[in-house]
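Look for subunit A in each of the two complexes below; its partner is subunit B in the first and subunit C in the second.
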Partner chain A sequence: MTTPVQGHHIVRAFSEELEQLTASVATMGGLAESLVSDALDAIAARDSDLALDVIQRDKRLDTLQRDIERQIIRLLALRQPLASDLRVCIAALKIAADLERIGDLAKNIARRTRELNEAEPLALSKSIERMGRLVQGHLHEVLDAYASGEIGGALGVWQRDDDVDEHYNTLFRELLVCMAEDPHIVGPGAHLLFIAKNLERVGDHATNIAEVVHYAVTGTELLADRPKGGSSGTP
Partner chain B sequence: MTNGQNKDRVRLAPDRPRRRDIVITAALGMAVLFVLMVTGVLAPGAYIGASLAFASLAFVYFLTAVTTAQPRGRMPVAEPARPSEDGLALTMLEKVSVPILLIGPGGRIEQANPAARALLALGAEGGLLSTSLRQPRVLEAVSAALRGERGTVVEYATLAPIESHVRAYVEPIRLPVAGPMPWRAMLVLADETSSKRAERMRADFLANASHELRTPLASLSGFIDTLRGPARDDEEARDRFLGIMREQTERMRRLIDDLLSLSRVEMNEHQLPVGTVDLRAVTRDVIDSLGPMAQARNITVSATLPETPVEITGDRDQVHEVVENLIENAIKYSPEGGQVEISADDDCARDRAEHPADRIGENSARLLLAGPPFDPRSRFGVVRVRDHGAGIDRRYLPRLSERFFRVDGQKSSPTAGTGLGLAIVKHIVTRHRGGFSVESEPGGGTRFTVFLPKPAARAETATETGAAASPAPVSPGQA
Partner chain C sequence: MAEDANVKAGTVYHPAEGNRKVKVAASGVDVFYADKQALHDVSVEIGDRAVTAFIGPSGCGKSTFLRCINRMNDTIDTARVSGSIRIDGEEINDRSVDPVLLRARVGMVFQKPNPFPKSIFDNVAYGPRIHGLAVSKDELDSIVETSLKKAGLWDEVADRLDQPGNSLSGGQQQRLVIARAIAVNPEVILMDEPCSALDPIATARIEELIDELRENYCLIIVTHSMAQAARVSQMTAFFHLGHLVEFGPTEEIFTNPRDRRTQDYITGRFG
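For the complex of A and B:
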């Protein structure tokens, strides 16, 4: 997104502010990404300290979001951006909101991890990790697309969200079967279910960001229906 | 001529050539004046005056050359070297394969060597670091260094799309410039992926190997005990047991082979393969070599291959292993007398490479097990292997490339594999920056697709800079 705004304004400060805005959003994206990644590490390594760290770092994400919103309001009020500049501002606003939600979801995953660690290890946390890495990859790709302004990556993620759903459905069924077989694991199993759901939500937010990036770069919306995985009756 | 002069300059005293040039110029001037006088343009008086002036000028310079040449004999070596010292350092920096960046106030990238530009995909310089490197800890360390605080070392890992571990060294540098912000931050990014990977692999290998080898070992020791005890004199039982023991050791051998091959593949997974492979020829080879195995179970293997070779970038042995694993699996999981269909395709865009237009069944499930980052320009060579076996339930698809994962009920089958075949395929494909997808319908069979990038895309980016030098871009496959 740096390309369309660089060096095209008569007021140089305006260009710099737009560039700074993109950089702030990218920083926030990096933080959200690291929260998701650390939350997954915490699950894999059963590391309660790391989980606590994730919970605490989420606050920083909230501060960043407020900062970005303030920056955007200032930009809108002082510069009255038009066309692609306006789209960049609106995109930043939307993406910041999505990233903030992703941070909350990562925090929730970390909370549940701390409780999971009090129970016996479950074999299924491997599947959770695999799904998480996929989601993390999607998030990474859309943020790359946002920073570079190349929509190829964003489109790729947008079209591949059903892979995440497929993983989620698989996990859901497996967990149900396991919980039905062994009532002792219903407690931790429920936590895993919610973790999987949270990861699926993170994937949805990544898809949202992909749509916004597409809009900011091309000015057109992605209207076609997203390809959906087979229906499975899971919530 | 310039060559000779340069040589002189190095060999002779520093000032002499310059002054000699002046003498030569003076002589030339006198010659021109002489010609002018002969042709009658110039009066002889003016000629003599002018040439005397030239001659005395030349003489004065000649004298200074003689007096100053001797004491400054050492200068010539130092002089040409000094201006290039900075340039030399820059050239060295350009050639260093470790990414190095200089970050200025406000987190702006002031300098970046080509390795850094490639790693962070920087276009024009002068962007903000936080846009290209989204690692909160590195950014914090950089802004600390920009405030003049002590340098730190930060480790970070990116797991997607390709796993990499990087150790970032951040060092503050104080520039001798006036102004409120003399601090710069130097950022060196050292790739530690291979050592991290080796470390983790050792642990994984031990865990996997010990776990999977326990079963055959237990049965072996059980049979040995039986042979030494109750069945000591039972001729018939001994034969049967030895047969089973042979089978078990065979299984252990296969397992160890696969594990070794897997760790070899994993070891250099983040190194791009060089060289080109003809996917069509490899597929043919594999079909030929697996012919006996298919015939033994009365399975027909039919292949639809394109008429021209399918060139892809890859390591021949590894590509062979991928195709072999897929076709072997297809034969293994086909019913007796079944059919295995193999097709290859050239120059496919990502979407078409991933899944063909037609589905194998109405309710078939499709899943991408591994895929490169999406790039609309990349083209792929594709191999698809389709069997008409039992098919795989939708819920097992994501786990297919997991190590030692076997779909329920396969464990007991006599032809049971090691559960590592598809894991190996996935790792090889990831190394090649290719992709690997599956489509399956319970009862309808399974179709595996492997797509590997064609060299053309990379040749194209390479010739962007050298397009003028080579008029017709020759694909490396033809060379």
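For the complex of A and C:
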């Protein structure tokens, strides 16, 4: 993570440890993004093997998160980071938690994809994939913002999260209509519903990361009155 | 630079929190030692019943500024102070102000504990005696006891008040010196690196004491330990090369300093 302060610490090992921490979070981000992307590919291609691969690779994300937590505890105990350094540490801690949750959600999507592949394909899978690509794009943008310290991308995602919510609300209504018309698709439809919900949650985590990146870079919080779109009453 | 901070004469002032009464108000203070300028145009308002920490690298002017507040620079022949320093609105550099009386109102604690070569009792009783604060022996006893209690030392020395002050441990001596400062009923207590000669336990005791004293006094502490400034103070002033660079709530200075020099110093980077 790059903050406006570029100078090196007098104690060089401190700078190296912070760089290592940022690199670990970036690795974790790359993996989380690839899990989401592969889960979406698995839906599109009805590829159960790829879905299984996603389920298995999620474990690596958990290991990375524990490693990042250890690094941060060590930094706090031994270096007592302050100001931008402190913000970088806290940001890494929070982002790692968000990425771990994103991994879990991707894993859950992959599990449901394997179930879906047992049934006839549904037309709405395409809409799910579109929503998924939008969410994946948001995740990519906030991770870029994290790596570069350029908050523009983070702000953009933060402002555009209601696009995801709108997609989700539309899908939700369409799925309800389809399931009401044809009771045979209630089983796979329910899976799609949960997949859509999971993707919406991934979008929320991307928004969280955007807020954390903004705090780490500027030291100020984004105000909580993010534009909220969509109708109420949707779970 | 964030818009909500105020910049005057090169100093970043964070918006004040709450409405703490101003105890010490400095405006445009310059200090020269012979023809070398040690402080440049320092203006700051220090709140009452709070701890304000002065931090900055060696030679930044923080101790020089601290010494202006009880006119300790008067004792240095080549030192020249200009600008205004007011305590409760009263100009302390005014010719009518007696520096001896001023120093009773503005107590000072130094880096190394400096008890007088007298008994524990006499160390604390000295100030009240010369300032005529006690009319009877009983009253003096009571002042000594109260001061030692406020300094958190009474329980350790109550049964040996006649022993020499310098027979105490370093941490106890520092608390004795604080009791001596408190005994004359000061309004402001200045501390110049009061814990730098103490071990962590004795330091923790002094820090706890500083936190208690905050209820009744305006405390100003110069410290090289950033962790100490963070632990004990509510406001922090960062000095650099004779300038007051940044002044604001301690939490903000340590999480989100606005000036690059403050940031570099606090995070231990090359300035």
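Convention: the second predicted complex is superposed on the first by the 227 of 235 C-alpha atoms of A that agree within 3 Å, B and C clash if a C-alpha of one lies under 4 Å from a C-alpha of the other, contacts with A are read in each partner's own complex, and residues count from 1 in each chain.
Keep in mind that, in the parts below, contacts are C-beta pairs under 8 Å (C-beta built on N, C-alpha and C of every residue); 3 or more make two chains touch, one makes a residue touch a chain.
Computed from a predicted structure; not experimentally measured.
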item	value
Contacts of A:R87 with subunit B and subunit C, given as first, second, both or neither	second
Touched partner set for A:S125, first subunit B, second subunit C, both or neither	neither
Touched subunit A residues, subunit B compared with subunit C	B
Touched partner set for A:A147, first subunit B, second subunit C, both or neither	first
Contacts of A:H167 with subunit B and subunit C, given as first, second, both or neither	first
Residue ranges of subunit B touching subunit A (in the complex, touch as defined)	107, 121, 123-124, 127-128, 130-137, 139, 157-161, 350-351, 363, 365, 367-368, 371, 373-376, 394-399, 402
Complex contact set, residues of subunit C against subunit A	2, 226-227, 230, 254-257, 260, 262-264, 266-270
Of subunit A, residues touching subunit B in the complex	2-3, 6, 19-20, 22-24, 26-27, 29-31, 33-34, 37, 126-127, 130-131, 133-134, 136-141, 143-144, 147-148, 152-153, 155-157, 159-160, 163, 166-167, 169-170, 173-174, 229-230, 232
Interfacial residue positions of subunit A with respect to subunit C in the complex	5, 7-11, 14, 80-87, 219-220
